[in-house]
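This report concerns only the one structure given below.
Just so it is clear, A, B, C, D and E label the chains in written order, and each chain counts residues from 1 on its own.
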Amino acid sequence: MTAPLLKVEGLKVSFGHVEAVKGIDFQLHEGQITTLVGANGAGKSTTLLALSGLVKKTAGRVTFDGQDITGLAPHKIVSGGVVQVAEGRATLTTLTVRENLELGAYTRRDGAAARAADMERIFTLFPVLKDRAEGLAGNLSGGEQQMLAIGRAMMAKPRVLLLDEPSMGLAPIIVQDIFRTLREINKLGLTIFLVEQNVRQALKIADRAYVIETGEIVLEGSGRELLGNPRVQDAYLGN
Amino acid sequence: ADIKIGVAEALSGGAAQYGTAIRNGFQLATDEINAAGGINGNKIVLVVEDEQGKKEDAINVFKKLIFQDNVLMVFGPTLSNSAQAADPIAQAAKTVAFGTSNTADGITSIGDYVFRNSVTEADVLPETLRVATKHANVKKVAVLYGNDDVFTKSGYDNFKKALEDAKMPVTTTETFAKGDVDFKAQLTKIKATNPDAIVLSALIAEGAPIMVQARQLGINVPFIGGNGMNSVKIFDLAKGASDKLYVGSPWSASNATPENTKFIKAYTAKYNGAPDQFAAQAYDGMYIAAQAIKAVKLTGALPADRAALRDALPNVKWTGATGAFAFTRANDKAGKPAGYDAKQQAIVSVTKGTQFEIEK
Amino acid sequence: MLDQQLVNALSLGCVYALFALGFTLIFGVLGVINLSHGAIFMVGAYAAATFMRVFSLPLWMGLLGAFLFSGLFGLIIDVLVLKPLRKRNAPHLIPMIATIGVAIILNNGVQAIFGAENLRFPAGTIPDDALEFAGIHVTVLELGIVMVSFVLMGVLMLALKRTQMGRALRAIAESPKAAYLVGVNVEGLFYLTSFIAAGLGGLSGVLIGLYSNALFPLMGQPMLEKGIAVIILGGMGDIRGAMLAGLFLGFAEVLSVAYIGSSMRDAVAFGLLFLVLLVRPKGLFGSLQERKV
Amino acid sequence: MLELSGISRHFGGLKVLQDVNLAVPDKGVFGLIGPNGAGKTTVFNLITGLLPPTSGTIRFDGQDLAGRKPFEITRGGIARTFQNIRVFKEMSLTENVIVGMDAKLRYGAVGLLASTGLFRSEERRARDRARELLSWVKLDHKADQLADNLSYGDQRKLELARALATEPRLLLLDEPVAGMNSSEKTDLMHEIRNIAERGYTIFMIEHDMRFVMGLCEQIAVLNFGRIIARGGPDEIRNDPQVIEAYLGREDDEATNEGVTV
Amino acid sequence: MTGFDNFWAVYSNLVLSLGINGLLALSIWLTLACGMLSMANAAFMGLGAYASSILTLNYGLPYPAAIVVGMALPALVAAIMGGPTLRLSGVYLAMATLAFGEVVRIAVLNTESLTGGALGLNGIPQLTQWWHVLLALVITLLVLWRLRRSKVGRAFEAIKEDETAAGLMGIDVGRHKMLAFVLGAAIAGLAGTLNAHLTFFIGPGEYGFNRAVDILTMTILGGINGLTGPVLGGVILTILPEMLRGLGGFRLVVNGLVLVLIVLFLPKGIWDPMRFRQWFQRKGEAA
C-alpha cells in the first residue's frame, strides 16, 4: 500500500476537564473516500475541527504529505490543501454566492484566469449556483447552501476535502445529489474524509471507514466490511 | 512649627488645565514666602490633593485634608460645582475654605468659613462693556456662551444682567457645548443679525476657535469676553485672529504694577510659560492667607487656630498681582451675613498683535 | 444664510464621519466598540503636532506620522489587550470595558507628559483664510476634510466590496469561524484592521485638531460620544452608513441651531436619532446581522 | 384541531407560501415534508405567531390565532422545537426545562419575595417534573450540565423536553432527528411514539423518510409554497409528483435509505 | 477621637458612595440580566436626584416621601419610554437609551427656573444617613436575590439568551423586559436620591455619558453572573482611585492599567464562581 496522504497519530482534544477525543489514529489515502461515523457527541466534529486547527489539540501528531502540520495555523492548513466543509455549512450569508466562491480561493496565488476556470467548473457541477451567483448566499435554501459550501471548499484547490455531515437537513433528492457529487469529485482525484450520521450511505461510498465511540476509534475496515458488521448494524443502522 | 495648608484642585480630568495653573500659583507664593523666612518664622507646607473636578472627590479630599492631614485651612476646589459640594464640609468642620477660581453665585452663601478672591463677573462686566462700547462704538451685541458649564454659564448670567442694566440691545443669544469644535452654525446665525460686537462667555479651548472661525466667516466685529478668555494663550491658539478681544478682570498680563511684573517674571521663570488669571488669583490668595495667619497667634490647638484664622481673614488688605484687594461680606439665601467675596477694581484690556493693551 | 449653513453642515458632518470611519471599521470587523478610539484620535493629534514642531515637518509628513504612530498604538492595543480576550472567549462587552481602561491610560499618560493645557499645531500649517464664493465662506481645511472623508469612504468601500481582502474582512465580520475555514489569516487581519482603524483615528485627530486648533488630553471624549452615535446609527460596521450618519448628525445639529435654537441643538439631534432608531431598529444600513457572541 | 385556511406569506416579492390549506387532526402524528426552501418552517413560524400571514386564517381548537403573540399561543397549548437549535446554552438542562413551565408556576409576587410555602412547593414540583421530562428523552443523567456542552443530537432532545414542559396539546417538531444516526433515530422514534400515545398531537417536519413514514398517519407535501399531495405514507411514497420533486428516483446505487426500507 | 470616629470622619462619604455605586451597578445589572444593554440608568439617576432634591429643597417635603418620588418618577418615565424603546436590541438599544439621556440632560439645562440649568442645585439638605444607604442596599439585594431564584430570574436569563425561544416557551418577553427596565430605573432613582442628599449639590453634567459608562463598567467588571459581582465592581472602582492617591501624577494611568489587567485575567468579571471552582479543582488535583 502507498504511504497515506494524511496521517493522524494519538490525537487528543479536551474542553476543560472533558476529553472529547482520546488519542485516535487514522489515515487517509490519496484518491480514496474515508469515512468517520459515530453517535452524537462521539467526537467526530471535534476531530475535524482539530485537523483544521480550529480547536487546540492536547496531544498527537498530524502529517500531511510527509510534512508535520500539527501546530499550523488554520489558514496555513487550508493553503496546504486540507479544506473543510463544516457542520452547519458556515456559508457567509451577507456575501453573494459569487463572493463566497471567490473567497474560497483566498489562499490561492495562481492568477485570476485559473480561478475563473475553476469557478466555471463548479458552476457546471452545481448549475443552480450559477443562476443565483449575484444573490445573497443567505437567501439560498438549505440544500443550495450545502452545495455552495462544497463548491467554496473546492475553489481552494484542496487535496483533501473534509466534510462534516453534508447531508444533514436536506431533502432526500438533494442527499442523493450530494452523494453523487461526492463520488464524482472523488473520481476527479480528490481525497475525501466524510463524517456522517447517515451511516449506511456513508459506508456505501467509502473505501475505508472508522467508527468512533466516546472519543475512541473502536472499529475500522473497508466500507463494505463495516456495512456487514453486526456491531455496526446494531449500533448505527438501527436494524 | 510648620503651617499645613491644604490645596484641593483638579489636577486631572477636564479641569486639569485650570487646576494645574492654580497649583502653580500657590506653589510659587509659598516658595517665596518660605524663602523670605516663612510666617513669623514658621514655614508653610502645602498638602496638595487632586480632586479631579468631581464633586465626590472634592468632598473626599476636603475630608482627608481637614480630618486626617489636620491642615489649618483649605484652598480650592477648582470648579464652582465642586465647591458647592465640598465647602459645606469645611463649614461644618469650622475650617476656612478659600476658593481662588469659583465664580458662581451662591458659593459664599454656604457659610462664614467660605472665602474667595475670585471676582464674580458681575463686578467687572459693566466696566468691560462700558470701555468696549466707548472704544468700538457698540450699539447692539450678539451673545454666545457655553450653556453646559458652570463657569461660562454664570458668566453669561452676569453678562445678561449687565447688558440689561446698560440697556444694550441683544440681536441674538446662541449657545454651544463643551468640547465642540465647530461653531460656524452659531456664528453664521450671529452674522446675519449684524451686531456691533459679540459678547462671549467661553473658556479658551472653545473661545479661541470661535474667534478664528468668526474671522473666517467674515465677522470682524470685536469680542467682549469674560474671565475665561483672559489668557495670553489666545495669541497662540487664535493666532492671526486674536485681535479685538476685550476682557475685563482685576488681573491683566499687561498690567505693569511692580507686584504683577514680579509675579509674571517669577512664574515664567519657574514654570516655563506665561501665567494666566487662575495662577495670579491663586498666587494672591496665598499671600492673603499668609497675611491673616501672620495676624493670629497660633496655639497648636487646631480648632482654636482655625477659628482665629477665620476671624483674621476678613480684615486682610493686600495689594498683589491682581491689584488692591479687600473682602466684602456676602449674604446667605435668607439674607443673613455669610462668607466673603472679593472687592477689586477691574482692568479692561484689548488684544492687539500679541499683547493685551489696557484701555480706560 | 441657508447656503452658508448647508456648507457648515456638510463640513461638520464630514468631521463626524471622518472620526467615525476608523471607529466603525474596528466595530464591524472585531465586533468591539472601541472606547479608546477617542484617545487614539487625541494621540494622533499630539503625535503630529509634536513631530511637526520638533522636526519642523510639513503637514503631509505630520499626517503620515500620525497615521503610523496611532496605527502602531492600535496594533499594540490589539496584541496586548484584545487578542488575549479573543483567545479567552470573553463575553462581548468585556473588550469594550478593557478599552475604557486603555483610554484612561492614554488620556492620563498624555496629560502627565504634555500637561493639561491646550496645545496647537505650528501656526501657518495650513492657510487660515477663508475662500469666498458667492458670499459663502469655506476654508482650505474644510474643503480638505470634506474631500478626505469622501475619498476615504470611497477607498474603504471599494476595498471592502471588490478586493479579496475586503471580502475576507466581511467574512470575519460575519463569522470568524467561516473565515478560518476558507483559509483567511483571521488574526493577521484583526491586526491589520486594528492598525488601519487606529491610523484613521489618528489621521482624523490631526485634521480635526487643525480645525479646532486647541489640543488637550481629553479632546477625544466629546468626539467619542458623537462617534458612537454615528456608527450605531449607520449600522454595524457599515462604512457608507457611518458617512451618512455623520452627515445626518452634522445637518441635524447645524439646522437645529439655524432654525430651532442652539440651546436645543443636542436635544434635537439626539431626539431625531432616537426616532430614526425606532423606525429603523438596525440603523440606517442595518441589514447586517449582529454577531451573536 | 389546527386548521390553516388560505394561508399565504410573502417576503417582499418572494411568495413563500401560496394558498395553503391544512388540517391537523386531533391526536396522532401528522407530517409535513417538502424540498428545501419549500416553506415548511415558515408554516411553523406562522402557527406560532412569529410571523403574521400575508393572508388567510389559522384556527386552533376553533379559535382564530390572528394577532396573538407567540407567548400567548404557547400558553394556549402549542409548543415547538426549532430547526436551528435554540436551547438556552448557559443554563442547565433542568433550568432549560423549567423555563418552559413559566406560565404554570402559580406563585405571585408575594410568594416570590417571601419564599412562602407555596413558592417552595411549586419550585419543587417544577424540578420533579423537569426530571421526569428529561427522563422521557433519556437525558436525566445529564440534568445538571450546561446545555452548551451537549452534542447536537442531545440538544435536539433537550428542546423536545423543553417544549413538552409547556404542557402543549399540539407539539410542532421541526426536523427532530437532523444530525442523529439511524439507531438514535430509532430510539427517538420510540420516544415520540410514546409521547403521542400519552395523548399529545404531533405535527412534524422531517426529511428522514424512514422516520416520517414510520411515525405519521397523515402526511402533506409542500413544494414551492403549495401543497402538492396529502395522504397516508403509502400514497405519498408512490405519488409521482412527490417523487419528482422530493424523493428522487431510486436509480442510484447510493439511494436514500428511507425509500428502500 | 477613637480610631473609628476618625476613620468615619474622613471616609464616611467614600463608604456611602460605595453603597450608592453598588446600587447603581445593580440597577444596570437588572437590565443586563435580561439581555438589554440599557444606558439610561445615569439619566434615571439624575431624574431621581432632581425630583427628590427639588421637593426637599423648595417644598420641604419629608425625606421618605422624597425618596418615594425619587424612585417613582424615573420608574414612570421608564414605563412610558420602554414601550417603543425596548423593541430595540443590542447596541441599538444602548444608543437609543444614550440619546434619551442626552435629551434629559438638555431638558435640565433648559429648565433653569426649576433645575438651575448648568449651575445645578445647591444647598440640598444632607439628609442621607449611613443606615439609609445600608438599608437600601440590603433591601435591593434581597429583592433581586429572590427574583433571581424564582421563575422571574429564569425568565430573564432565558430572554437574555434567546428572546424568540423564550417567547415560545410561554414567557411574556415584553412584560419581563419592562419589569427589569422599570425596576432598574427605580433603583437608579433611589441611588440618585441618596447621592443628592449626601453631597449638597447636583448638576446636569453628573448624569451624562461618562456616568452611564461608569455604571456599566462597574457591573461588567464585577461580573454579571450574580449579585455579588456588580456590588464588588462598584466597590473596587470607587476605592481604587482613592487607594492610588499616593502615586501622584501617574495615578490614573495606574488606575487604567489595573482595570485592563483585571479584565484580562478575569474576563468573566471579578466574581466568577466557575473560575473559582476551577482554581480549587486544579489545586485539588495538584495536591
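Brief remarks on what is shown
Definition applied: a contact is a pair of C-beta atoms (placed from the backbone, for glycine too) under 8 Å apart; a residue touches a chain by one contact, two chains touch by 3 or more.
Molecules present, by chain and UniProt name: A, D = ABC transporter ATP-binding protein; C, E = Branched-chain amino acid ABC transporter permease.
Everything numeric here is computed off the predicted structure, so don't read it as measured data.
Considering the contact criterion stated above, no chain is in touch with chain D and with chain E alike.
With respect to chain C, maximal separation of chain centres occurs for D (centres as means of Cα atoms). Rounded to whole angstrom, the centroid-to-centroid distance between chain B and chain E, based on C-alpha atoms, equals 35 Å. In whole angstrom, the spacing between the mean C-alpha positions of chain A and chain C is 42. Rounded to whole angstrom, the centroid-to-centroid distance between chain C and chain D, based on C-alpha atoms, equals 47 Å. Of all residues in chain E, those that touch two or more other chains are 105, 109, 249, 252.
In chain C, the residues touching two or more other chains are 108, 221, 263, 266. In chain B, the residues touching two or more other chains are 12, 147. Inter-chain contacts occur between A-C, A-D, B-C, B-E, C-E, D-E.
For chain C in complex with chain B, the residues that touch the partner chain are 1, 4-5, 8-9, 11-12, 15, 108, 111, 115-118, 120, 123, 128-130, 132, 137, 139, 208, 211-214, 216-219, 221-223, 253-254, 257-258, 262-263, 265-266. On chain B, the positions that touch chain C within their shared complex are 12-14, 16-17, 19-21, 147, 174-182, 184-186, 188-189, 191-192, 204-206, 208-209, 212, 215-218, 233, 236-241, 273. Across the complex, chain D is touched by residues 15, 18, 37-42, 45, 87, 140-144, 165, 168-177, 179-180, 183, 197-201, 204-205, 234-238 of chain A. Interface residues of chain D facing chain E in the complex, by the touch rule stated above, are 48, 50, 69-71, 74-75, 79-80, 82, 86-91, 95, 98-103, 105, 107, 112-113, 115, 119, 123, 162, 165-166. Residue ranges of chain E in contact with chain C, taken from their complex: 37, 84-85, 87-92, 94-96, 98-100, 102-103, 105-107, 109-110, 209-210, 213, 216-217, 220-221, 249-250, 252-253, 255-260, 263-264, 267-269.
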